[in-house]
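Each in structure tokens, the structures are laid out below.
In what follows, chain A forms one complex with chain B and a second complex with chain C.
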Partner chain A sequence: MLALRKYMPHAVLGLGAFVMLLPFYWMFLTSIRSPAEIFSVSLWPIPQKFAAVDNYSRAAGQVPMLKFMANGVIVCFGILIVQILTAVPAAYALAKLRFPGRKLLLTLIIAALTVPIQALALPLFVGLAKAQMLNTYFAMMMPFLLSVFAIFLFNQSFRSYPDEIIEAARMDGFSELEICWRLVLRGSLPSLAAFSVFSLVAHWNDLYWPMIVVTDTNLAPPPLGMLFFADVESGANYGALMAGATIITAPMVVCFLLARKHFIAGITMTGVK
Partner chain B sequence: MQPQSVNISGIGKGFGADDVLKGIDLSIRPGEFLSLVGMSGCGKSTLLRIIAGLETADRGTISIGNRDVTEIDPADRNLAMVFQSYALYPHMTVRDNIATPLRMRRLPFFARLPLLGRVVAKAETLREIDASVRQAADVLQISHLLDRKPAQLSGGQRQRVALARALVRSPAAFLMDEPLSNLDAKLRAHMRGELSNLHDRLGATFIYVTHDQIEAMTMSDRIALMSEGRIEQLGTPDELYQAPATLTVARFIGTPSINLLPAEIDASSNIVLFSRKLGLQADGTSRGPATIGIRAEDIFPATDGIPARVLRTETQGADRFVTCQLVDDTSICLVMREKAGTTTGVDSEGLIRLGFSKTQIHLFGSDEKRCIVRQLEQVMA
Partner chain C sequence: MFFVFPAVLLLLAIYIIPMIVLAAFSVTDYQLGALSTSFIGLENFRKAFADPVFMRALLNTVIYAVIVIPVGVFLALGIALLVYNRKRSRAFWEIAYFLPVTATLVAMATVFQFLLHPSLGPVNAAITWFGFEPVGFLSNPSLLIPTMAIIGIWQVLGFNMVLFLAGLTAISKDLHEAVRIDGAKNPVDRFLTVTWPMLGPTTMFVVVTTSISAFKVFETVAVLTKGRSGSEVLLYALYLEGFEYSNTGYAASLTLIFLAIVLILSIGQTLHMDRKVHY
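On to the complex of A and B.
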């Protein structure tokens, strides 16, 4: 009974983890299998014919995979940097400064959290088209540069920063911007890490918006590139397709593993789930 | 920097409908240790924050030395503040914490940046700052802690770092907001002594906010006792103890608290206690109810005194506090302070008769203000 109570939660969590990880494992498995084996349901990790080299070289060689990855990096970091540059001062002002209209602004931010990107897609697309900015990096980044989610997350975390330290800093001669960037953000590194992971993963994996504003293969971020790749191959060579998918997923996994500790601290601290 | 005077005139401040400060006038002399003391919510912390510039007053002016600083930023007032929570920068070492006020003052913006700063900053200025940090650390005996982070320090050590950070810049005055309230009782008593010594050594102006009257009594040159946004009394600790200007002051100052007895002033200004004339007259007060205050040490057993029942005795080393309930009016308790080890006049049933010296009483009229008491030549019947 005691043993059951002890191991039961682990069993449940293990089952959950298995369900979550299975598609990724399958993706990896398919990427190293030969076409003959692809439709086998076996989960055995060692294929009869090891086709990894073939699949990965096809994935890397047939389409400009590196170019896609570079596009992804430019877009994701472009978005992330501007998001942080704008959200941190905004969140600091909302969390720590007193000014008329603060409550209203906070309410608006929470309201804005509920607006999905799909609702804004049409006006944004028309706007970008009129400005002749379709098929640019900027078009891919534009809707995400100002993140209310970031403002909300940082606001939650900045609020817990002790007021007395901010006051001590004011007496020591820190400017408000120095307080914001050098002290308050410094005390919220876990939130910064958590937000960075959220943002990078979301935009690295985003297919919806790039598909709308980009038709030029040279600008495609990885998921869109994969889509082009699938078209080129008419969707037949699953091995190579999954090899491509593995290549573009890997950076995200590495990114998460590096920031894992801070990421978890960041989401548990601010109550974002 | 020479110690500066701080002059506060007509400071008023309201939060919403409430007036937290109702026109405060106060002159703090250069080099003085002045305590602002009062119950929580009396406005003492708000006043300190207004002096610091962290809060703006609705009306009135603040000047430091001869300079009007009412409209000046906190950083440019050249004041140092020690906070209740110490407010050390958590990610910096002790050394950097102490150096920060100097860096912010003496280094230009680019030299303060994390990495670039090391290259841009003038070596000579950095050396000067380092020397000042060492000196401040020496004064507070924390030289061995310079490379630690605040999280690795005990409460008392953090307190010292906060003090070092304040004194490193030789400010015009030190502002302290309940700096000892997070320490345990023993350390607090010790730090009281150290703060006094530090004040004597630096000769600097200290403005010290506390709700603890013992801190105020033991360290201050003068105390400003505040209540409901006003200064109730300003004076030396002795003046406040021996001649409290109002009932509030009398209640607040002294341990154990002053004994208060309801009394009456009759038509011919005689003071009447428990329907007996005391042979004392009140000056300049009309007839009506009044309150007599008697310090615990001014009460003693007396054969013709007021009958009372002993509730409990507490021995505090040299002294003993005896709490007694009056037999005639059981709602009143008196505390008597006497030397421990002596025999009290308690009889077998736990009864005692209490007397007091008539020259030692404090009389407060119905407006709660102190009244002058005159002793009559002849004893009244």
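On to the complex of A and C.
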């Protein structure tokens, strides 16, 4: 009875973890198996014939898988850099400076927090279409260049920065720009790290917006590329399909395993995904 | 004030002007590329609530949410309670349950398609091994929404678990000790008298975020069914009208209906976030 109470939680958690991890295991296993073995439906981890090279090269050859990854990197880092460049000064001004319209701006930002991208997609799409800018990197990044969430978060974090230090820095002849970027931001590095993770993961995994503005395969970020690939293969070659899924999922999973704490802090910072 | 200038400019370009344009579209019969457009008042909204496809999408989304919210919240609470008391193995369980949150859902949906395949997938292999008929998870139209709800729960569990773990950490150990001395020996009693009431705000937050993400279900539908009969959902219907069929005016009215649902759900969340950011 005592043993039961001791091991019961582990058994329950273990069963749950099996279900949670089965898709990852099956994905990886299928990606290194030969087509003949896929039909055998066995969970045995070692394939009789090792077909990883075939599957992965097919995934990279059938569609420009590496191009998708490069597109994802360009778009995600482009978005993140502009988000930080626009949000940090705004948050600093809101937290530490007095200017007319400050209250109004803060209210607008909090209101904007509740508006999901799916609600803005239609007018933004029409605007980009009229400007002949569909199928560009800019179109993929445009709605995310301002993160109201970043402003909100940095504003909260900057507020706790001591005013005395800012005053002293002003006396010493620091410009406001230097105070903002070199002093105040440095005091909020954990927030910056968590926000960066949040932003990168959200945009790496986003399908909705790229699906709207990109039809050119060469510009597709990983999720859209995966969708194209799944349509091309349409279930004919599961080995290659799973190899593609592994390639796309791997970067985030590896980063998560390496920096678990930062990742969890970043992703759970908000429920808005 | 040049510090806020770029942010204000982008706020206008990304949020304020598009919202005005969206509202304007919703009262017209505008179609992208059309030569003439006319004002039709609330006709689009009337049409939406008479449109069987849209009503099915709305109903399916509600069914999806009704499955995902309770299971996704209470199962996560159960996991969090079990994980919280593990000392040495806690990191391992956190990784195992959180991994789906980080994974690209589009890629994982193709994996699920294969896992649930009627003849090639291990799930149906296990079902037949136990002597049952194979289940057409993705071929039987009435099972499409429940199947996607399972994938939705699979993805949201780890996220909710972490929020509950944070909530549990915030409950002081002394409180538990005091209740134990007061005679609540049974863990269930202690849960009901201390943990559950103290977790109230966390639970509220988790319910709100889970319902918002449930109403945004899109990726699984885009990959697994492309919105075919039985799996119409709100965002996919919106996507088809607005971006595939170019019924811009009509899609704008659907967008406003979607936005109204999300806003109602997120009022609680914003009030909560105003006080404290969750992390």
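One rule holds for everything that comes next: the second predicted complex is superposed on the first by the 205 of 273 C-alpha atoms of A that agree within 3 Å, B and C clash if a C-alpha of one lies under 4 Å from a C-alpha of the other, contacts with A are read in each partner's own complex, and residues count from 1 in each chain.
Note that a residue touches a chain if its C-beta (ideal position, glycine included) is under 8 Å from a C-beta of that chain, and two chains touch if they have at least 3 such contacts.
Every value quoted in this text rests on a predicted model; they were computed, and no experiment measured them.
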Which superposed partner A:123 touches (first chain B, second chain C, both, neither): second
Chain B versus chain C as contact partner of A:173, first or second or both or neither: first
First, second, both or neither for A:186, with chain B first and chain C second: first
Which superposed partner A:264 touches (first chain B, second chain C, both, neither): second
Winner by number of chain A residues touched, once chain B and chain C are compared: C
Contacts of A:34 with chain B and chain C, given as first, second, both or neither: neither
Partner chain(s) touched by A:165 [first = chain B, second = chain C, both, neither]: first
Chain C-touching residues of chain A, taken from the complex the two chains share: 9-10, 12-13, 16-17, 19-24, 26-27, 30, 38-39, 41, 43, 85-87, 89-90, 92-94, 97, 99, 105, 108-110, 112-116, 118-127, 129, 142-143, 145-146, 148, 151-153, 156, 176, 180, 194, 201, 204-205, 207-208, 211-212, 222-224, 226-227, 230, 235, 238, 241-242, 244-246, 248-249, 252-253, 255-257, 260, 263-273
Chain A-touching residues of chain B, taken from the complex the two chains share: 49, 52-54, 73-75, 79-81, 83-85, 87-91, 100-101, 104-105, 112, 114
Chain A residues touching chain B - in the complex, by the definition given at the top: 162, 164-165, 167-174, 178, 182-183, 186-187
Residue ranges of chain C touching chain A (in the complex, touch as defined): 1, 3-4, 6-8, 10-11, 14-19, 21-22, 25, 32, 79, 82-83, 85-86, 89, 91, 93-108, 110-115, 120-122, 125, 154, 157-159, 162-163, 166, 205-206, 208-210, 212-213, 216, 218-219, 222-223, 235, 238-239, 242-243, 248, 251-252, 255, 258-259, 262-263, 266-267, 269-270, 273-274, 277-279
